[in-house]
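Right after this note come the structures.
Shared between the two complexes below is chain A, which has chain B as its partner in the first and chain C in the second.
So, the complex of A and B:
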């Protein structure tokens, strides 16, 4: 970046003052006049036919405005994600069958939230129980009870990439393992919420939908499709949103039902999920069973990989049913593996639907390949770092097409690994470990190393625009939708970089389908690289138009026109007195006296920027754990992360993403797991039972970056939102197993709860110490 | 759902007891950190909530001679922060400081912790090894009951319907005496004990154990005292063998259940480990106790 650039600076977040003082408004904070409150009645059975629902008692309860079931709604089943086959359509309220505990089957609207919740308890549901189905592998066995009989099986999705016949050879040995990547909850601090007001802009027949969404355009389309409205009549707004992690990527049935209610009742209606509702109603993540086999030579050269995976996609296939495609494309990780044979199935079960959760398909791929590489290292009695080094792709191999079809833009994996090992003091750690093992330290020390590559920005197009308004304010619009990431800060930096304007002269507009013409949203770590590039490019277009206008009016050559140091407009280089302010330039742009060939028009530009392909961030993590050998209590004591997300725009925002990401990956390794009993009842529907860690469970992280700019966009940026999670989980997992390795333990499925680790220790030792 | 309910804030113990006696559906509360979550989770709503925090006698920490008196509604944050008290009862202060988080500790109390009678509660084992007494206001006046006698089973206590714990009394420990409390939870805070272990040890100048108490939480319907561990310690120095005997005795004394927080086998094992470690910590503290140096 040029010197004097603000790109690369840790600019404090413009969003924070409002968030810290409580001025930011979340959906739950909004209370338009006449507001009514909805409460949903949810299935208490994992799988049952609905024999009857009696809302009579609820209708008579104090303050109740109405109580409705699927019959009253008359809404068709919806796909809720565009690629889902119609046979799996989900009725916004369960109509004939309930398929998971927590599925909404009736709704009550009342004057207060308490009245709605109390009345919802009076709704009586008559169930005819059907068998629950929890295990995805069992769900695919012949004879398993079917969730969607019309589909003929419980298979919801299938992805495969076959190796050439005979390609799985040339090895001296094969290591294999079965790995469970357990189900986890996204658990954003703000649960799902929606407020729908009748009317949109001046259109009384439309609706305005305030919702907790990463993709307001997706919410708009879902509501429009369900209500039979033109999307232009639905205004979807995501106000301040308290985290999503992918689980707010797709719209929820409650959005559609609440919109229907607002139109039916002619008043604004709001619904805010409780925490316990959130833990059964919001999509879960991961939940794969994986069988991996790696063929390699005795020297440690990888020859082939055979991977089989079954994803538990839950009761209604959603985004999660499609994520095995990411797992497939990333199956070989950062390694050169000549042949890969991959097959994944997604099975429906009577559990909460599976969605995207930070990493979405890539952590599953990375955890599995890193695990099998560790098993291979143990088998060869080779240092796991050494085995990785032998097989990492080298920088001159890019662009590199993997055997499963990913085309990776660029990377220098060795460099990231070297830096991570150096920061961690890897050799010293191993020496300390040897000393502690020799003296029989009851605290078992473990060191884990991961190298990862992931994929971001695959949906490669996004809307962005920049406009200089009459008063000189620069408005940047983007089709993405920040929900904690700090896009207003980054996009303001980009505009400031190009036009030289200070942050308080920039307004970033997003998350409102009436203020932004189109967009996809904030998913797959795509926002800065694609929407940011759109803003950056259009800012340049605006600058060029403004420079030509200024050159013409100031009678100078275009080359001599530069941005004013004080941010006020443009000047002739070296002659600050010869200047035009941004308001003057905006006015001139629409006026008559323009350079030859320039048509009058706003001082603005818009673009649907398309970077054409995905980018591939990568990195290396080192985790150090201590396991109390007497209680099995495992603690993360150090974590070093070197992540490469291409060029860094704002290191503070990147650090925030990395820290949160590391924590969510480490949390899956050590703490979190969504559990069901055999009847399909959730066992982890509150934070006493669902072990979400807090800041005291993790150490201060040591983070660093290499910067390998991508050639695919003008910023050189790749995504960083998910890398931390993808890189940390395998490192922490490996560290725990490394701690236990002197006992002969080579694999243990996550999470490493004290009792699970204690059991492994006890069962490995001839007599428990 | 929590709807508006009747609330009373009496100024005296007598008023509070009268309100309780007049309305069978009324409940007293101190921090309400157990009561409110229980109501939200579907327990019947009291017809009246009687706030004990406005009664002067129920809040405060005082020492008169060798007796400490702690109001039953004193927030544990105050107890943790009371340097004089924490110096004499480091383990009890530790247990008090483990409850929930800072926010919870600004509200929650020993009275509530004990009367809620969760088998996994953190302060009861530490109260019991220190031989704390509960002063209970009853119809006929006041009675004093050992902390160990208050809980009679999960959620059950020896209190009559209109009885209130007013305060706790504790004797200042003799020289070269100290306590300790340890618990195992999967997280580092905001979690419910899988096992808790409290110990108190008194050492003679030569290092021999002259008195010992060991109590375990979350391994039986109520707190378990471990007399065999105490017997194994008393009379001799704190050897590895003695500590191992403590562990064995603690494991043997458990009557745990399998639940989602831990299995029987695991709880037994961890009870032994934590009891041994708590005894060792208490003994280290007792050995370092300056009050004993001159005697």
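So, the complex of A and C:
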């Protein structure tokens, strides 16, 4: 970037003053006049036929405006993700069958939230129980009870990439393992919420849907499709959104039902999920069982990989059914593995549906490949770093097509690994570990190293526009949606960089389907690289138009027109007095006196930027843990992350993404797991049972970056939203196993809770040393 | 159900409101008084996003019934800044990028304010334990902890300066 550029600087976030003073409005904070409140009645059975629902008692309860079941709604089943076959369609309220505990089957609307909640308790449901099905592998066994008999099996999706016949050879040994990548909850601190007002921008028959969404356009389309409205009559707005991590990517049935209620009752209706609802209703993440085999030589050269995975996709296939395709494309990780044979099945079970959660399909790939590489290192008695080095792809191999079909743009994995090891002081860590082991330190020290590559921005197109308005304010619009990432800040930086305007002259508009013509949203770490590039390119187009106008009016050559130092407009280079302000330029642009060949029009440009393909960020992490051999308590004491997301626009925003990502990966390794009992009852439906790490459970982080710009977009940027999680999870996992390795322990499935670790220690054979 | 009349001080102002006997203070602040800074992240005392300071004590307002606030002095995030001047904690959170989605931030600011009241010169570990009742899903806490330490520093410098000015 040019010197003097604001790109690459840690610019404080424009979003923050409102958030810091309590002025920012989240969906739950909105209370228009006449507001009614909805409460959902949810299935208490994992799997049952609904023999009857009696809402009579609820209807009579104080303050109740109405109580409805699927029959009253009359809404068709919807695919809540576009690739889902119709046979798996999900009714917004369960009609004949309930398929997981927490599935909504009736709704009550009342004057206050408390009245709605109390009345919902009075709804009586008559269930005819059917067998629960929790285990995805069991769900695919012949004779398993079927969730969707019309589908003929519980198989919801299948992805495979076959190796050439005979390609799985040339090895001296094969290491193998079964790895469970357990089910976790995204658990944003803001649960799901929706507020629907009848009417949309003067259209009385439309609706305005305020929702906790990463993809307001997706919410708009879901509501429009369910209610039979033209999408143009549905205005979806995501105001301040309190974290999503993928789980707010797809629309929820409650959005549709609440919209139906608002239209039916002719008044605004709001629904705010409680935490216990959130932990059973919001999509979960991961939940894979993986069988990996790695064939390699005695010297440690990888020859082939065979991977089998069963993904639990939950009761209604949604985004989760599609995520094994990411796992497949990333199966060989950052390594040169000549042959890969991959097969994954997605199985429906009577559990909460699975969706995207930070990393979405890639942590599953990375954790498995890193685990099998560690097992191979143990088998060869080779340092795990050394084994990785031997097999990493080298920078001159890019673009590189993996055996499972990913075409990776660029990478320098050795460099990221070197930097991570140096920052961590890897050799010193190993020396300290040896000393501590020798003196029999009851705190077992473990060091874990991961190298990862992931895929971002695969949905490669996004809308962006820039417009200089009459008063000189620059309005940038983007089809993505911010929920903590700081898009307003980064897009303002991009506009400022090109047009020279100060931040207070820029207004970023997003997350409102009436203010932005179209868009996809914030998923798969795509916003800066794609929407940011769209804003950047349109800002350049606006600048070029403005320069031509200024050159014409100021009688100078276009080459001599530059942005004014004070941000006020354009000027002739070296002659600040010969200038046009942005308001003057905006007025001139629509006027008559324009350069030859330029038609009058707004000083504006829009684009559907398409980078054509995905980008592949990468990095290396080093985790240091201490395991208390007496209590089994495993603590992350240091974490070093070197991530390469291409060119960095705002290091402060990047740091935020990396820190949060590391924490969620480490939390999966050490603390978090969604559990069901054998009848399909959730056992982790509150924050006492589902343990998010607090400030005392994670250390300060040591982060750094290498910058390998992608050639695919003008910013050179790749996604950073998920890298932290993808890199940290295997490193922390590996560190815990490393700590336990003197006890002969080679593998344990996550999470490494004190009880699990303590049992493993207690049951392990005494150390041979 | 008959409504309960409550008189208390909120952010320094004498305030009265009507509420249901079973309504939480969090609810009353948000629904009756329109102070939506405090958030409900769990409703069970596990996340701290509803934190307010009642008579000097950090409290989960989701676990307090509104009528219990009778006669109390309640401080919420809306009362931290004076006019347009951010509180030193808010200022250092801004500079240190200690928030992302910001939904946990009001609660964390209140916990940090209560901590610095008690202990103006905390260590990193004391800050972490001081905020142990608050969950943040976005930041990983690092930048929050650093920002609280920075605010403590700047508050001490300011109060030293004031002390010197007073003695001068």
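Assume the second predicted complex is superposed on the first by the 764 of 769 C-alpha atoms of A that agree within 3 Å, B and C clash if a C-alpha of one lies under 4 Å from a C-alpha of the other, contacts with A are read in each partner's own complex, and residues count from 1 in each chain.
The definition used in the following text is that contacts are C-beta pairs under 8 Å (C-beta built on N, C-alpha and C of every residue); 3 or more make two chains touch, one makes a residue touch a chain.
These figures come from a predicted structure and were not determined experimentally.
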Check the residue A:198 against both partner chains and state whether it touches chain B (first), chain C (second), both, or neither.
-> neither
Is it chain B or chain C that touches the larger share of residues in chain A?
-> C
Quick one: classify A:688 as touching chain B (first), chain C (second), both or neither.
-> both
Report for A:464: first if it touches chain B alone, second if chain C alone, otherwise both or neither.
-> neither
Would you check which partner chain A:346 touches, where first means chain B only, second means chain C only, and both and neither mean what they say?
-> neither
Touch check for A:300: first (chain B), second (chain C), both, or neither?
-> neither
After lining up the shared chain so the two structures overlap, which partner does A:696 touch, if you call chain B first and chain C second: first, second, both or neither?
-> both
Does chain B (first) or chain C (second) touch A:317, or do both, or does neither?
-> neither
Name the contact category of A:79: first (chain B only), second (chain C only), both, or neither.
-> neither
For A:753, select first, second, both or neither according to whether it touches chain B, chain C, the two together, or no partner.
-> first
After superposition on chain A, the chain A residues reached by both chain B and chain C are 114, 687-688, 694, 696
Chain B contact footprint on chain A (complex, rising order) = 113-114, 117-118, 630-631, 633, 671, 675, 683, 687-689, 691, 693-694, 696-697, 753-755, 758-759, 762, 768
Note: in the complex, chain A contacts chain C through residues 10, 12-13, 15-17, 19-26, 28-29, 31, 114, 186-191, 240-243, 245, 272, 274-275, 483-486, 652-653, 655-656, 659-664, 686-688, 692, 694-696, 698, 700-701
Would you mind writing out the residues of chain B in touch with chain A in their complex?
-> 1-3, 184, 186-192, 194, 260, 262-263, 266, 269-270, 273-274
Residues of chain C touching chain A in their complex?
-> 20, 22-23, 30-31, 34-44, 46-47, 49, 76-78, 80-81, 86, 90, 93-95, 97, 99-106, 109, 124, 127-129, 131-146
